[in-house]
Every structure is written in C-alpha cells, then in structure tokens.
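What follows is a structure written as structure tokens; I'll ask about it next.
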Amino acid sequence: MLPEPIHLKLELEDETVVGVTPIIGYIYRGIEKAGELNPFRNNVFLVERICGICSFTHALCYCEAVEKLMQVEVPPRARFIRLCWSELSRIHSHLLWLGLFADAMGFESLFMQCWRAREIILDISEMTAGHRIIQSTSIIGGIRRDIDKEMAKEVEHKLSDFKELMDNTVSPTVYNDPTIKRRTVGKGMLSKEQANLLGAVGPILRGSGVPLDIRQTGYAAYKETGFEPIVESDGDCYARTIVRLREIYQSRELILKALSLMPEGDISVTVRGNPPEGEMIHRAEQPRGEVVYYIKGNGTRNLDRLRVRTPTFANIPPLLTMLPGCELADVPVITLSIDPCIACTER
Amino acid sequence: MSTGWLVGSVVIAVIVAPLIGGLLRGIDRKLTAHMQGRIGPPIIQNFYDLIKLFGKKPMVAGKPQLVFAWGYLFLIITAVVFFALRQDLLVVLFILGFAGVCLVLGALSVKSPYSQLGGHRELLQMLAYEPILLLAVIPIALKTGGFPITNIFEYGQPLLPNLWLTFIALVIVLDIVMKKSPFDISSSEHAHQEIVRGVLTEYSGPYLAIIELAHWYELVLLLAILGLFWIVGSLWWLSILTPLAIWFILLITDNICTRLTWSWMVKFAWGVGISLIALNILVVNLGWM
Amino acid sequence: MPWMLPTIWKNLFSRPVTRRYPFKDIREPFSGYRGKLHFDMEKCNLCSACAQLCPSNAIVVDKEAKTLKYNPFACIYCATCVEACPRKAITMDTHYSPPATVKSEETCRP
Amino acid sequence: MSLEKEVVVDKAELIPEVQNLLAQKARYCSSTCLDLGDKFEIIHHFQLEDSVDFTKHIKVRINKEDTLPSISNIYLAATLCENEMQDHFDIKIIGLAIDFKKRFLRAKESPEFMLTKEKKEEVSP
C-alpha cells in the first residue's frame, strides 16, 4: 500500500476511517546502540546510514554536534560546501517525495518527470561528492572534497537545466492541475495550534502556517547566506506540497548563493583527541523536518550516548490526528503528505 | 449470410480479438512509457507475461475464485461470439454485465481486505457505467429500428453524425472499463498503490492470466462497439480509425490526471453520461438530427 | 489536466531519457566517482593503517600470513583507507563494483 | 559541558512543570533517556513558541526500579518517545496515552534492555 514498512491498523466504516494505530518495528536496527560501540569518528558513516535520503544532513548534524562538544572551529569554506550538499539532498528528497506522492494519486507521468528532474541533482552529487546519495564527505573537522571553480560553474549550469525542466513540467502541473487539487485540497487538515501542540516538524508545520525552520538558527552557513522559512497557511495536503515545491526553488537559490559567497581557504582542520565529558544537543533541518542529535561524551573515543530524534518520529502523532474521518482512498495521500521515513523512525 | 461465413467470423473473432487486445495493451505500455520519457517494454511483452503466467503453478484462495475466473472469461468470449454473429446488441451488453458480476464475486469470495474493497469498488464502477451502456443502446435502436447489430449494418448510413452524444457517453464507459486514470479506482495499474491491485489482488498464476486474457477480449469488444458508429458507407475505414483514435486519447488522459474517488466517478458518469444520452434520444425523437 | 499535456506530447516524440542500464548507452561515471578499490601490493608494507580506520571492517590485515583480505561486500566505498594509506598503495577507479551472486573476498599478497 | 537552560526536577515536580510549559505554549521536541549506572536520567526537550533556540530541558532522575509518570497525556507527541524508552530501558512508565506494552520497536524474540549499560570495564582507547 505504501512504499514504507509501516503498518497502519485502520478501523473502517465503509470507506471512512474512524481509528488508526501505527505499528512499527519491522526494520529496527539498533543504530543508537551501535553508535555507543563505534569510535566517534566512524559514527559519521554510521549515522549517514540511518536514512537513505537525508543521509548527508544526518552526517552534518552529527559532525556539528561533535564539533560543538569538542569546541572545534570548522573552516568557513567547509561550512558553505556543507550547506550546498545539504540543500542538494533537500532538493532530491523533495522531488522523490513529490514523485511518490503523485504516484499515490495514480499520476504516473508526473512521478516520472519528478524523478527525471531528480536525476540531474543526483548527477551533481555524484560529480561533487563522489557518490549519489550516501556521500561520506562530511567528517569531524570539515569535509573531504572541495568544489573548485570549474566544478562550481558546472553545478550552476546543471542547476539552470534543472530549473528549466522544473518550470516546464513539474511546477505548472502541481500549481494548476485540477485533479491534483481535488485529491489534496482540504484533505488531512492540521490547524496551527494542533501542529504546535503535537510537535509537528518540517513542511507539515510550515504547511500549517508556523514559520519555524531550524535553518533559521544559522548552522552551517545559513547565517551568511540568509534564510527565510517558507510558510503556507492552509494546513492541508496541498499546502504541504506547495511548501515543498517552493523549498526546491529556494534550495536552488541557496546553493547558488553559497557558491558565490564561498570564501577561499582550507576545507578541514585536523581534530585530535576524544570528545570531552559533557553533553550536547544539536539540531538541523532535514528535508522532512528537524532532526535532533543528543550526544554525551565521556573522554574516551566512544560516546556515552547517541540519541537521534528523526523528523518522521515527530510527525507520526500529527498523522494520527489527520487520518480519522478521511476516506480510505485518501489514506495513502495523507500518509505520504508527512513524507514518512520509517527507517529513520526506527533507527 | 451463409453458415460457413458465420462460423468463419466467429472463429476469427475468438482467435483474432485477443491478439489485437494483447497487442493494443503492449502498444499502450510502450506509448505510455514514451510519454513519460521511458523506453518501455517490448510491444509483445504482454504475450510473454501471459505465457509465463500460464506456466505457473495454479493457486487459488478458494474454489469459488476458480469458477468466477473461468466464468468471467467464458462470458466475455460469449459476448464476443454474439457480437461476431451480429446478434442483439442488448444481449451482448447484458452478457458483458454478467461477466463483470463474475469478476466482483470472485473478488468478494476471498477474505483479503484489498480484494474485498476492490470488489466493492468494482461494483460501484459497474453501477456507474452499466446504466450508460444499456441506455446507449436506445438511441441506436430508435435510429436503426431495432436492437440487432444486423440492423446497424443494414441501416445504410453511418450513425455517428446523428448519435455523437451517445458516442461520447460510450467513450466515458470505455475509460471506466479500461481502468485508466481518472477512473482506475477498483484496481490500480501499479501494485503499490492504495488497494494494491484491488479485484486482482488475490489472483495469481494461470487465473490471473485468464482474467488478463478476458480483459483483452473486453477491450476489443468495446472498441468494436465504438466502431459500429461508422460501419456503413464509403467511410467504413473510419470504423477502425475512430476507436483507435479514441483509445489514444484515453491513453493521454491517463497520463495527464490523477486517480479520483468513486463518489466523483459515479456522479460524473451518471451526470454527464446519462444526460448526454437523454439529450440524444430527445434530439433524435424530435427529428432535429 | 492540460498542464501535463505539453510535457507528455514532447516526450512522446523525443528520445527516451532512460538507458538500458547494464547493456547499452551507459553513462560515463564522473571523474571523482569512488568506485572499485585496487590494492597495489608492490607498495603495501602491511602497516594496517587502512584496516584500523575502516568503518565497516572490510579490510583485514594478517601480518603473520602476510595477507590483506578485502571484502567488497562489506565495503562502503567511503575512501577512508585511500586517504589513510601512507604509501598511496590503495586507489579507486570510477567504475561501479559489479553485482555478483556470491559474496566473495579478495586476498592480496605482496 | 552541560546543556544550556536545563532544569533538574524531582519526579513529583515533573507533571506540574510540564503543565506549566503547556500553558506557555511550548512545543515538545524529544525525550532522551540515559543510563547513569545506578539511576536513569530522563531529559525532556522543549522549545518555547516563537523561538528557534532550545529553551528548556527538563531532567528527571529516577532509581532503576522506580516508575516514571508519563507526560503523554499533556503532550501526545511524547508517547512515541516514552514507548521507545520503555522498550530500550525497561522503565515502568505510568499513564501512557498509547501503550505498546514494550512491543513498540522490538519483536517478540528481540533481546531485552537494548541500551542499558552492562557493568564492565570500558575498553581504553
């Protein structure tokens, strides 16, 4: 029913949903425990594998948390390039989601066009980082690969191709198509108060009119590039779609801005020693919403505790309030509108 | 017509119809793939699929399923035979209706929730298109003076210029029967959507093949009914081209819209379909066309 | 509905953008792609720096038997070993490691 | 280094403190549970409205056999985190809004006490 291993136990009256219980636990991997047993440097590669889509943001968030704990100053160029990669991962995640969302509504051709546009972004990732999704480019103390001038030009070129493809195919359809609107407008309503109270994050929260985006805190280089969250106030599936679509364009702008503002210099610093005793919280904005890393060091090369609160984890309670009262045919659409990632949720 | 000729046409219909149907499904997949920017499967992929499915181990969730699968195929072949024999159009459509009931009963005979829901939706779907299909016969009968298909052949001039409103209503029916967006509600094209594959969820191996084969017959039959509108006169070749053109337009529609809900479908089919036909009957009776 | 029409119409009459991946028109990987690992055993002195740093323990160095075992199915292609090698004995080419039906290990000897 | 703006409360003060936060329209973020050896430390992370910085961490320490009052009746969002804690650390949490009975993440045959520390010497680096 869904491309995710979640079991939603629905209670139906004819085709109307009256109750819902989520059952997860099919792909629990114990990554938090593994994070305590691994040396803290290798954890970067571990946390990247929490999710196959927002992988880079996980690595970024973990690295920044450890850097904050160890009081390491990362070179500015590294921060800018981290921003680029994290925005690239946002674009491809949103496009993947948009494709699946269209597919859930039975709109296969839009699905294919979204993934076609996504391919350009993945090519950029492969070109700049060496791998398409799980890039393994962020390390504690900086990054491992530089984006030089020629490559930056090539990235800009590909991004303009990307924008053209989006402008011609995906955007007009999503903005105007009456059948898409019929399936999404007014479905899965979540008011501003509910969204706040239930701890919704990411595009769900912003689709309900709350201007909250962790990028506002200015981690990586968001302080230098400037950032305004994208907000839609309707709180339905369509609003969430539009938030994500606008974020794709915004991310493209952010990458271009970061590439032009990027200072010269080193891309990493050598970090010696182990994380000191102490605890640290760090948050980053993933494509799906805020991710919270809690780490506790104890002076050895292993961490005392690594806790990850992923965005889907926070978005399941809002989903539970959105579903009752809808038609069965809308369940896939509403469930997908939170962009569920169960692999993230269970870790 | 001689008996030999009749037997010949029946044999040709029974053998050629699935070949055309399978080929059309293959071209459908290829064209859809191209519209989406993909390469797509070979045109005869559906025949490969069918042969492979027939070669699988037969498994059923219950005896009734087996009966209904075969029943579905035989009733549709019967409808095709009746059509080839130029029998009563009304009878052909009734047999087609019965075949649809078989599909629904087959889906409802197993306990899988997806199959059950698919069955319910298929019922609603029939509720949506059967009235149009049956009503569509009335203006044809009024025009040609009776229900037999022979009458259409003997009528002497093409029906479409007078009955294009009915024709449009039948196109809507064809779209529903082909299960293309926006009407693919009872069994989606892809197995990961909404209700898995709806009515087809619990079929596998040879029985799925039987149902697929029946779908090919059904597709060809409905296209042939659309072809009836041009059958006579010097423009007879339009009776082949028009259904194909309509079929192509439906493919495009499939690619430019989402699946909608059953409530919308019933409203749309009844609202638009029935009023088109009613208008047509009125116009024909008043002698404006 | 009509907003998708130009796209599919254009696609219908232009070449498909997909490729018959394992058989034909395979795109050249980018020059920076981290692909298959190669161990130059002429240069290697079994210092096992790579084995210690490997996040997925894909490299095992046995100093007694003078072998280096590499498991490409455990490898995550992060290139940590390439950077760690003091004698630059490990290189990566730009090709995807081919799929296989059996999981095998490579054993390298100097 | 410890967290900024952290509040250490007693078990009894937890619920009033959280209700106080609800009145301030704080947003629930996450909960973390730590095994301190002889005690469990539970941290609830909150964020005050109209602010993107973390503003409050509420820490509770309980003995290992002790029970913990659930805040999921105040913040429904906490129920998943609390179920997870129950799975990982075998803490008895009272008054869960949705109780998965320690079968939230774990299947029947999974090992128990996934994240509790075993008492053994840490391997020095």
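Here the chain labels run A, B, C and D in written order, and each chain numbers its own residues starting at 1.
Note that in this section contacts are C-beta pairs under 8 Å (C-beta built on N, C-alpha and C of every residue); 3 or more make two chains touch, one makes a residue touch a chain.
No experiment lies behind these values; they were computed from the predicted model shown.
Among the remaining chains, not one touches chain A and also chain D.
Pairs A-B and B-C differ in how many C-beta pairs touch across them, and the larger number is found at A-B. Summarising the inter-chain layout, the chain whose CA centre lies farthest from the centre of chain B is D. With centres taken as mean Cα positions, chain B sits 44 Å from chain A. Measuring from the averaged C-alpha position of chain C to that of chain D gives a distance of 42 Å.
Our note on geometry: chain B versus chain D, Cα centroid distance of 59 Å, whole angstroms. Mean C-alpha position of chain B lies 51 Å from that of chain C. In chain B, the positions touching at least two other chains are 35-38, 255-257. Residues of chain C in contact with two or more other chains: 1, 3-4, 8, 17. Taken residue by residue, chain D touches two or more other chains at no position, since every residue touches fewer.
Of all possible chain pairings, those that touch are A-B, A-C, A-D, B-C.
Across the complex, chain B is touched by residues 1-5, 8-9, 11-12, 14, 16-18, 20 of chain C. Residue ranges of chain C in contact with chain A, taken from their complex: 1, 3-4, 6-8, 17, 29-30, 32-34, 55-56, 76-79, 83. Interface residues of chain A facing chain B in the complex, by the touch rule stated above, are 1-3, 15, 102-109, 112-113, 116, 177, 179-180, 182-183, 327-332. The part of chain D that touches chain A in the complex is made up of residues 1-3, 25, 27-30, 32, 34-35, 43, 45, 49, 52-54, 57, 75-77, 79-81, 88, 98, 103-107, 110, 114-115, 122-125. Those residues of chain A that touch chain D in the shared complex are 21, 24-25, 28, 30, 32-33, 36, 39, 69, 196-199, 212-214, 216-217, 274, 276-281, 283, 290, 292, 294, 296, 298, 300-302, 304-305, 307, 309, 313-314, 316-317, 320, 346.
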